[in-house]
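So, here come the structures, one by one.
The same subunit A turns up in both complexes below, where it pairs with subunit B and then with subunit C.
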Partner chain A sequence: LDQHLVEYFRAQMMKDPDMASAVAAIRTLLEFLKRDKGETILGLRESLTWATDCLTGVDSSVAVSSGGELFLRFISLTSLEHQDLSRCKKVMEERGELFLEKISMSRTKVAKLCHTFIKDGAKILTHSYSRVVLRVMEKAAAEKKRFSVYVTESQPDSAGRQMAEALRKLNVPVTVVLDAAVGYVLEKVDLVIVGAEGVVESGGIINKIGTYQMALCSKAHNKPFYVVAESFKFVRLYPLNQQDVPDKFKYKADTLKTVQNLSEEHPMIDYTPPSLITLLFTDLGVLTPSAVSDELIKLYL
Partner chain B sequence: MSAEPSVASSSTPATQHKKTTRGGTRHFTEGGPVKKDGIQQAKTEGKELTKEEKQRLRKEKKQQKKSKEKKDEKASQESEKEKKPVSSASPASQPPTQPITPKAPSAVPTLVPVPASETPAPADKPAKSKAEMKAERRARQEAERASKQGKKGEVGQQAAPGKPKAPPSELQPVVKRLPEHVQVDNPEVLKKLAKKLERQQIPLRSDYGYKVSLFSHLHQYSRKAPLTQQLSIPSTVIHPAIVRLGLQYSQGIVAGSNARSVALLHAFKQVIRDYTTPPNEELSRDLPNQFNFLNQCRPLSASMGNAIKYIKKEISNIPSQCKEEEAKSKLLNCIDRYIDEKINLAAKAIAKSSIEKISDGDVILVYGCSSLVNHILCEAFEKNRKFRVIVVDSRPRLEGREALRRLVQRGISCTYVLISAVSYILPEVSKVFLGAHALLANGYVMSRVGTSQIALVAKAFNVPVLVCCETYKFCERVQTDSFVSNELDDPDDLIVTRKGKTQLEHWQEVPSLGLLNLVYDVTPPDFVDLVITDLGMIPCTSVPVVLRVKNVDQ
Partner chain C sequence: MPGPDKETDLTERIEAFLSDLKRGGSGTGPLRGSAETARETTALLRRITAQARWSSAGDLMEIIRKEGRRMTAAQPSETTVGNMIRRVLKIIREEYARSRGSSEETDQQESLHKLLTSGGLSEENFRQHFAALKANVIEAINELLTELEGTTDNIAMQALEHIHSNEVIMTIGRSRTVESFLKDAARKRKFHVIVAECAPFCQGHKMATSLSEAGIETTVIADAAIFAVMSRVNKVIIGTQTVLANGGLRAVNGTHTLALAAKHHSTPLIVCAPMFKLSPQVRRLTNEPDFYNFCEILSKVNVHCPVFDYVPPELITLFISNIGGHAPSYIYRLMSELYHPEDHEL
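Take a look at the complex of A and B:
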């Protein structure tokens, strides 16, 4: 059964490479819900949780687990008092479709909010490959703004080069810099925009390794540090420091399964505390880091 | 020990006073006689009065008191008015009131119970036109101003801003008064407080020793002069359990905000058990006396304030048709449930969340003795987490020793330092766990003095600071510094004998020397990384969100 699940998930990812992995995961979960032959609501919930775990086994990013949990909460946040299980399931499916629709629009909403912060003639620094940041820049370019971008190479997977390619297609002047050159280049830039893999309860973010460094440097240079993230990335973690982030998010899923001694592996993500972030752009609005907790309470409770 | 304070004296101490001073005469207001007769009938027939009738009765008693002193008031206005501004001085203290009474419109603001009873029943009064009331007030203020020139410093200062408890249709700006416990350097406030306490038969505790000028607006009492010595035996108004509790508070036998709240709730259970409702009154009328007595022994904490609000709400929620036994058992159950939910279960929930934050190999720093933090550490130790604890302590209370004793008893390895060594020890520390006395609405943490110092140093060393606090300690107050509202403990506590010499023994004789023994301080939210509550882990800035959610729930 989990084979089908994983295959479906991979197929979804392949179909639309522009889609966030969390959205693909949620599509998969919806499909799973439709095909589920469970007899009880509790059983349904358990199998959905199990399915989410399966998917995190494929793609261990924070967004997949947070998206799964939010999906589960959203569909059960309705009165499931019907006697007939199939009626309940129908209600849940409808909610699921609604949820999916909402989050497919989330990137557009974020782009609409954020592009106004990119002024004409701005120099932007960004980190690694983020589809949301790309969408923001597309929107800004469509608004006929002229700006140039510095992208960090973002080792170990050189995702930054992918970002640079995509930006070149938009006719945006882009320069790829070394990860080590962030401090050097910061005096030239006006603002820093990064995406996020997960937004935690404190208002901090979890993102590709190197983000924390960039945030520290921009704080030292007094440059605004903006984060763009969709709301399904809000997760109920509260790390106090880098060590506090659970291991299952730090490394790729294959690494977690194969490698014995994790301390020899290099983590793929780091945690940026809220004191270094100026603003977060989400589909719930433009938030300060302290407002994230407020939104989380609304989302999860 | 089944003293029944209310039945022994009368319905309320206030009414008792009225009866003794007026010798039983009743003064009727114009609009009153008809309603009065109805209530008299009900009384004589022995029927249980409804809530509205009780309120009306109360109101009329107060009106009688006022109108008696207002006999020389403008006759034209008397027919319209039912609410008259009058010096609400207790008749018992005759000399100071004599010069006041002839001065007709001295608008000394009425005490707390009055507006509470007056405002909710506007239907009882005849409708007044706005213009008439405005004219009344203007005339009143003119006369006040005139008499103020003649007599200095006699009238309450609230005359100028007008009546703060204005009629509901008033467009005047609401005057917010400072609580009286932070206005100790204002002699008028003190006088009012003295009168209020005298009326309630609670002795007034006098301040002791020279106060440091920055804190001269706060009370400073001596532990050697407990309030109970001035209490008449047997006390007719204060329940013995409350007297005992007050003594325990003032001598420091019961200390720590959780302990004090629980002791308060248990004492009130005893009071409720022994209470018998007199025919026309309710329990809530007697409670303020008990609280005022406790307040004189030791200022109430925020958690106690919230507990008291809860008790009062529960009492007012009891339907008036409820039989006394039933009402009492209901109340007792409510209190038990409150203690269980808000304190015991909350501690369990907080311990569960905190254990996730304690990892093996941690070095945890704690300050003073917080029952909650001790509970968390013991629980984590039971769950086989490997950590060690550094207990930081400070004079004069040296509460850390108690915490040390409790932790070592469980087998946790501990280190003990004084607060002066905190910057030396911090590089070893991985986390700081602090307890809180209260969490204020702007995210500031009010806790034992020294906490903010530890949070500051921890921030400088980049060590995460975690505050553990139950939600019943969240309060609506806002404070940004430790001066505005604090507690001054006995300054003699700072005197210590070393090597046979007591240096500060005669500190009172040195005119320029002041001893300051602060109890609380406030920590800004920037120094706190995480607050663990029974609702989950929240950042310090989300405290107003929790307060909002709680208010919505209620």
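Take a look at the complex of A and C:
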């Protein structure tokens, strides 16, 4: 059974490489819900929790975990309204489809909010490959704004080069810089825009390793540091420092399964505290970091 | 016939208001305080609601938005006009929701919760007609007007908690809110005020005269002396033209200097600002020329003289408004209570 699940998930990711991994996870869980033959709501929740664990075994990123938790919350909220299981399931399926439709529009909403912050002649610094940042820049380019971009190479997977390729296709002048050159290049830059894999309760973000460094340097140079993220990436974590971020997010799923001593592995993500972030652009609006916890409380309590 | 007469009367009033706005903003500072502007805008909106022809909430909102856009275009630096329009739009939405019977305290904002539980891409089009809507909206606008009238007093009432005896307070320029705040405290406490004159319009002089008439010991200093004198100051209390959505300020020029000096000496910076100054704008980029209003003074020399300054939220300790004291990080919450996100862009 878990084979089907994993295959469906992988198929979703491959079918639309532009889709966020959290969206693929939610789609998979919705499909799982439709096929589930359970009799009780509690049983349904348990099997969904198990399914989410399976998925995090494939892709251990924060986004998949937050997508799974959001879906579980969605189930709990719906099940509170309808006691009868079969009607409940029908309502869940309908709402699930609506939910997917809404979040597929979230990137467009974010781009609409953020592109006005990119002025003509701006020089932007970004980190690694982020589809949301790409969408924002597409929108800004479509509005005929002239801007240039510096992208960090973002080792160990050189995702920054992929970003540079995509930007070249949009006819945006782009320069790839070394991860170590962030401090060097910041004096030329007007603003910094990064994506996020997860937005935590304090208003900080979890993103590809090197983001924290970039945020610290921007603070030192007094440059605005903007984060663009969809709202389904909000996650119920409250890390106080880098150590607090759970190991299961820091390393790739295969690494977690095979390696004995994690302290010799390089983490793939880091945590950026809210004090370094100027504004967050989400589909819920332009938020200051202090507004994030408010949103999470509204949902989970 | 009463119909067309009412309409021409209405358009006349709107035109008069618009020309007043256009005149009021240039040169030696606004001709009237922002509280007055807010009150006049709200009174005008109430008149539009009463006299214009509309059959559903959607129509009324369209009319108000249209007039609102003209008003904000007449004087872009006067943000209270736009703020009042957004407040009235929110009032209309709330009254409409109440008439429809839906639970009035539901968040009309987007939220994760709403994403998960709502049953349908709700496109509210406000087309239903309710007979009592007009009366309800006008009553709510009246409540808003009463609130506006009490703002300066509400802020001044909080003065005694913040000002202690024998303190040295610094302020800049002239703010009617800060003036009444300090005068209220002076009835019971003895303290000293230092006013930075705020060149080139030197509104600080008028402020100092007014305060000394109330029996407060006042000293006027040049703007350049702010940093030098700051070490002897216990608190800095300022007013502002606008409070931005991120908790920052758009205040009279020289305020940023004052704020930086206060931060350097770890002196608390208190901003007295009524709620109608809260605007959904966010400041975009550091060197944006149209954020500040520039005006020429001499004809042979080009002197660029910004009228306003941006003060980032990190330099502010406390906002005192008519509903109490708040930290700058809380401003986003007040925004969501006063305005609806769809009205951010009129």
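To be clear about the criterion, the second predicted complex is superposed on the first by the 294 of 301 C-alpha atoms of A that agree within 3 Å, B and C clash if a C-alpha of one lies under 4 Å from a C-alpha of the other, contacts with A are read in each partner's own complex, and residues count from 1 in each chain.
The criterion applied here is as follows: a contact is a pair of C-beta atoms (placed from the backbone, for glycine too) under 8 Å apart; a residue touches a chain by one contact, two chains touch by 3 or more.
Just so it is clear, the structure is predicted and the values come from calculations on it, not from any experiment.
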Overlay on subunit A: subunit C relative to subunit B, clash or fit: fit
Dominant contact partner of subunit A by residue count, subunit C or subunit B: C
Contacts of A:Thr116 with subunit B and subunit C, given as first, second, both or neither: second
Partner chain(s) touched by A:Ser202 [first = subunit B, second = subunit C, both, neither]: first
Which superposed partner A:Ser290 touches (first subunit B, second subunit C, both, neither): both
Contacts of A:Leu98 with subunit B and subunit C, given as first, second, both or neither: second
Touching partner for A:Tyr238 - first (subunit B), second (subunit C), both, neither: first
Lowest C-alpha to C-alpha distance for subunit C against subunit B (Å): 5
Subunit A residues contacted in one complex by subunit B, in the other by subunit C: 290, 294
Parts of subunit A lying in touch with subunit C, wherever the complex brings them together: 70, 73-74, 77-78, 94-95, 98-99, 101-103, 116-117, 119, 122, 190-191, 222, 224, 231-232, 234, 278-279, 283-288, 290-291, 294-296, 298-299
Subunit A partner contacts - residues on subunit B that touch it in the complex: 357, 359, 431, 464, 466, 529-530, 537-539, 541-542, 545, 549
Subunit A - residues contacting subunit B, complex: 201-203, 238, 240-241, 243-244, 274, 290, 293-294, 297, 301
Of subunit C, residues touching subunit A in the complex: 107, 109-113, 115-121, 245-247, 282, 284-286, 288, 329-333, 341
